[in-house]
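Comments concern the structure below.
Order of writing sets the chain letters: A, B, C and D. Residues in each chain are counted from 1.
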Amino acid sequence: MHTQWRRAMAAAALAAFGTLAALPVHAADAPNSIRIGYAISLSGVNAQGAATTTLPGYDLWVHDVNAQGGIFVKEFNKKIPVEVVAKYDDTSSAETMLRLEEKLMTEDKVDFVLPPWSTGFNLAAAPIFAKYGYPDLAVTANANDEEQLVKQFPTLFFFLNQPIHFGQALIEVLNKYKNSGQLNNKIAMVSVGDQFGAEMSAGFGAGLKASGYDIVLQKSYPLGAADLTNEIKEAKASGADTFIAASYPPDTFMLTGTAITQGYNPKIFYTAVGTAFAEYGANFKKKAQGVMGIGGWNPALPGAMDYYKRQLAVTGHAPDGWASPVTYASLQILQQAIEKAGTLDRKKVLDTIVNGGPWQTISGPIDLKTHIVEHQWGAGQWQNGQFVGVSPTDMPGVKPFIFPKPSW
Amino acid sequence: MAASAEDRRRRRTRTAAAIGALVALVAVLATVPLLTSDYQLSFMVNVMSYLVLTIAWALFSGTTRLVSLATSAFFGIGMYTVAMSIKILPLYASFALAIVVGAAVALVVGVLTLRLSGMFFVIFSFGLSEMIRELMVWWEINQTHTMGRYVYVPFDTTMIYEHLLGLAVVVFLVGWLLRRSRLGIALLVIGEDETVARQVGINVPFTKVAIFIVSAMFMTLTGALMAPRFSFINPNFAFNPLVSFVVVIMALLGGLQKLWAPVLGVIPLIILSERLQTQFPFWYSVLLGLVFMVIVYFLPRGVTGLLEDIWKALGRPLALPRGFTGPLLDAWAWLSRPIFLPRGLAGIIEERWLKIMPRANEKR
Amino acid sequence: MAALLEVENLRKAFGGLVAVNDLSLAVAAGEVLGLIGPNGSGKTTLLNLIAGTIRPDAGKIRMAGEDVTRLANHLRVRRRINRTFQLVRAPPNMPAIGTVMAAVLYGAGERVRFKDAGYEAAGWLGEMNVLTKADRRFDQLTYIEQKRVELARALATRPRVLLLDEWLSGLSPSELEGGMSVVWSLAAQGIAVILVEHVMTAVRALCHRVIVMNAGAKVAEGRPDAVLRDPEVIRAYLGDEDA
Amino acid sequence: MPLIEVILGGVILGGLYALVAIGFNLQFGMARIVNLAYGEFLMGAAFAAFFMYTLFSINPIVGMLLSVPVSFAANWLIYRVLMLPLVRRARTRDDLEGQTILATFGLLFVLRGAATLAFTADNRYYNYLGVPLNIFGFTFAANRVLACVLACIFGGASLMVLNRTRFGTALRALNIDPIGAELVGIDVRGMAGLAFAGGGALAAAAGTLVSTFLTFNPAIGIEFTMKALVVVIMGGIGNMAGCLTAGLLLGIAESLCSYYVDSGLTLAVAYALFLIVLVVRPRGLFGTP
């Protein structure tokens, strides 16, 4: 027994020593680059989302900035290249992500941290960004309580609409045809059982009811559902002219495929995340014509088409028609804010981001005074092989709406 | 009896020394927040939380040999109970509530699973965690119409760390006392042969459920303590099935033979994961998988086994008195040492405690 | 002679097979009751029913006047009924003394301090003459040592009724001698012993009374030499149906 | 929607579950190896079908002629190289289960990581046979029906092989008593290797069929593995009839729930059904105690 105790003690000491020894020592600062870091899901369930929407934008931006020789910082009176000194895999675990953000900010002491992917992760990371004063350009996040959140976390910025605004954008389209009698007031709505689906269906539902629509079918389905045939059949049987799905990419593809198979042709067919993906158009080709989706994009904006081609060439990944350009735009804002502030001091850069707008980006001018991008594409539509913005109708470059959706 | 008295005195001083050393170790660990950066502290929080989870897991699974994948269920119940009650209850009250809920669920589950064994139990516990997660998702979407809950409380990482450290000490003590108690020996017999256990008068269902509840309470409290760390919680964060798998892997990596063995599984695995995540982000999965396989094929007895082999190789003789009291004392030593685990999963079991076996003789 | 354990009209069927059919018996303190019959006649099932390993479909089991038919196995142990198994059973990875300690701690009724349990268990092993093997793992013991350890485990719960399932089978002649004296001494201490056995020398020498079973039912009962001459018993053993 | 249509939809979904589980059942029930990397072969076959279809326009069903034998060979190799040392080392069945779970957990990470590196983490989707098919006047997607039909064929064929052939009898002997099987002269390890490889081949077939209507990415494997585990455990380990029944029951339960209660509860109901079955029958539907 005594030997066993000694061994236990030795082991404990060894373990404690191992822990301390293994904690990394931070590297010395490199004044000849702007040090960027991020932790994002490279493996696990979130990897596909990050790989589609966010990572190519990060890669392209770094490539673009350095192709121009870097960002001009007045403080040093020269162009300083950006360098991704830390690129971490959060393995789709929120706990890991939080820890790695802390590592980026307190160990690696990078100059700027780019946000993780997904609403949940960004909301969880917001307190840490705020605590260490890092600008938090949380593109892939939206919530119904954004106003309150940005008050609580002064470094946080939202770029996509709030769920309720997506609802308003869609309803604006619907109203036009309902009022002219071309569309009945029945709605069939399904949503994915996740953060996103819950908030979207709540946001849509409230808006729709307020505008006098009758939601004849409302269902949620679990994340990773293997079959949505019943949902499409029920929607078909419900007599609704409008089908709305607050869906994620796998379900968006599955719902569309099932609707085609089942010959379900509502006048408005709306699916959410994934509709704007280039793969959607590539897969459904002509059948995508007239499908509505969340987000939108104006390819006619200055630099937009150029960006599209450049990302495809540099990263091999075509951007989607919604969050991808906004991701790139958010980084353009960061770049311009650093230039305008003339310093790498995060507090000053943060102030500049807030007050220095509007910023000219590939997504048009963006102002961040309220920390929330108010006026953004809410709904888009596939038109002749491109996903374009169709609502709100007062957006510059809005395209005329195709009504009704042609049969598959 | 002189030898025995001598031995008792020696044992007492050694126990005192060991306790003293442990107290010192805990004291050192308690001062960690003063010395480290925030990241290092959150690293230690991670270590501590998995340490508690793994030891708690071993309390039940190590003795009864039922591999439970319900860790994430109880961890999630703890976390989610806090998330749901934090607006109406003081923090510590919500921790207490979490423990009560966890214990109640464990009671029901324990009773339902009494007849299950082997893989049936493993997958039952997995299915249970997933069902709870799906139910919580559905509840949040359809009843509250939002899926996130914020836990903003003045309970910072330092507080979480200190509480987890305290919890680790408690779970360690519980394990230590358990192995020196009636209940501990009952669990051993149950783990080896339930029929015999009944035949020596052990109330098998009661004992199994009791230890399951104790184990679950620690897991639940860990989840509850981690809630303020997440600050934003949804069911998919809280009921992450990976936690269950990681805990099993850690326990098996450390070995189940000793109470402190999980330490040797938790720390290397966390360090390794962290290294891979940060230094080889794109190769994380491949490298982690390769490490697992190396462990299985080249280190079948876990890190503890490796350590013991090294220890033995250093040539420490294990002199124990023989004579009339010899067998008794040996048996006593056997009983008072942490559990002689089923050859279990981590590898080939030590053939005999008292015999020093060269590694070359090991049966492959 | 007042019966200590009484079994009334016990019945147990597995699917269509009636393993124990309407069987009654009684055994008194200090009595050795032999239970013989061809393989598959339901002897072990009967022991399982009495010990509480399985539950009967019908019938009653009374221990010292108390109805224990519905009691769980471990509670019957505390009512002083214990058994050994036909294929010796004990936790294979524990040292011999471990199981006996568990029996002392859980089966003996009065609360034994954990510290003292080891000494008491050692006493039981000593009584069974296997104290020197106390630290051995069960699967490292010889067959007879295993049997003795198992009996020590049963005795440590201080049984008043002891069910021995072929405890004397498979022993060499000298071991058998020792084993028989052990059983004899148990009866002499006032334990009621039910002995399932094929070794007829032991049955003849030890049993006060013998019950013969065939196809789940009792076919004969009485003094060993009388019963073993009974033509029905001989037919049961040698008959065409139950070969 | 009439009840019969809902049930029919459930049968088709259940067929998918059974299809995924059959190969796993061969590996777990016959070769006695809990292969957590099972789903990775499914995922691999899905990618193979995807690339063959999108790059070379090879019909996925024809493509199975390539992916199924490759998966068979790969799994046989895995058994010989990775599993046999564990089989030799293991002392008990529990021991073997534990060791193989750890080893295949590692393999799972390696394969998933390699797939992510090779194919990127993106979701993939293509549409093959996404045409309506009329069954009793109800419309279903042809690719889903095909998966269900093939599940029944594979399940039925395995059942026939297991119950009607010498080879099958030997395999069943493995499931019931490997030591006894060895004693009566069955080459236990050779047979187990073939069963394991056969399971891998079925995984590839399932993966190909699944890819015709489900979106997939390199991380999808574990979901199928766990689904297969649930189905196999629910049906009774090593029992093909149980496997089919359990798959169909889960599918029907999900379909009924999605129509009559709420789609959001389908998975919860499926797990609840699984748990109830285990509480009532601790060794699965067709398991023997």
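Keep in mind that, in the parts below, contacts are C-beta pairs under 8 Å (C-beta built on N, C-alpha and C of every residue); 3 or more make two chains touch, one makes a residue touch a chain.
Since we're looking at a predicted model, the values are computed, not measured.
**Student:** When A-D is set beside A-B, which has more C-beta pairs in contact?
**Tutor:** The greater number of contacts lies at A-B.
**Student:** I'd like to verify one number: the distance from the centre of subunit A to the centre of subunit D, where each centre is the average of its C-alpha atoms, in whole angstrom.
**Tutor:** The answer is 35 Å.
**Student:** For subunit A and subunit B, let me know how many angstrom lie between their CA-based centres, rounded off.
**Tutor:** Chain centroid spacing, subunit A to subunit B, equals 38 Å.
**Student:** On a C-alpha centroid basis, what's the spacing between subunit C and subunit D, in Å?
**Tutor:** Going by mean C-alpha positions, subunit C sits 48 Å from subunit D.
**Student:** What is the distance, in whole Å, between the centres of subunit A and subunit C, each centre taken as the mean of its C-alpha atoms?
**Tutor:** 73
**Student:** Counting only residues that touch at least two other chains, what does the list for subunit D look like?
**Tutor:** Those would be 112-113, 116, 262, 264-265, 267-268.
**Student:** Can you list the residues of subunit C that touch 2 or more other chains?
**Tutor:** If we look for residues of subunit C contacting two or more partner chains, we find none.
**Student:** Two or more other chains in contact with one residue: find those residues in subunit B.
**Tutor:** Within subunit B, residues 134, 137-138, 141-142, 282, 284-285, 342-343 contact more than one other chain.
**Student:** Once the touch criterion is applied, which pairs of chains come out as touching?
**Tutor:** Every pair of chains meeting the touch criterion: A-B, A-D, B-C, B-D.
**Student:** Using the touch rule from the top, collect the residues of subunit A that touch subunit B in their complex.
**Tutor:** Against subunit B, subunit A makes touches at 1-5, 7-9, 11-13, 15-16, 18-19, 22-24, 42-44, 86-91, 93-96, 98-100, 102-103, 105-107, 119-120, 123-124, 126-127, 143-144, 152, 191, 193-195, 197-199, 201-202, 220, 222-223.
**Student:** Which bits of subunit B are touching subunit A when the two form their complex?
**Tutor:** Interface residues on the subunit B side: 10-11, 14-15, 17-18, 21-22, 25, 28-29, 36-40, 42-44, 46-47, 134, 137-138, 140-142, 145-148, 150, 152, 226, 229-232, 234, 236-237, 240, 242, 258, 260, 263-264, 267-268, 271, 273-278, 281-282, 284-285, 307-308, 311, 316, 318, 333, 336-338.
**Student:** Considering the complex alone, what residue numbers of subunit B touch subunit D?
**Tutor:** It is residues 65, 67, 112-113, 115-120, 123-124, 126-128, 130-131, 134-135, 137-138, 141-142, 245, 249, 252, 282-293, 295-297, 300, 342-348, 363-364 of subunit B that touch subunit D.
**Student:** Quick check on the complex: what are the subunit A residues that touch subunit D?
**Tutor:** Touch residues, subunit A against subunit D: 42-45, 47-48, 50-52, 190, 193, 219-222, 224-231, 233-234, 237, 249-250, 253-254, 257-258, 260-263, 274, 279, 283-284, 317.
**Student:** Taking the touch rule as given, give the residues of subunit D at its contact with subunit B in the complex, in rising order.
**Tutor:** By the definition above, subunit D touches subunit B via 28, 34, 82, 85-86, 88-89, 91-92, 94-95, 97-99, 101-103, 105-114, 116-117, 226, 229-230, 233, 237, 262, 264-265, 267-268, 271-272, 274-275, 278-279, 282-284.
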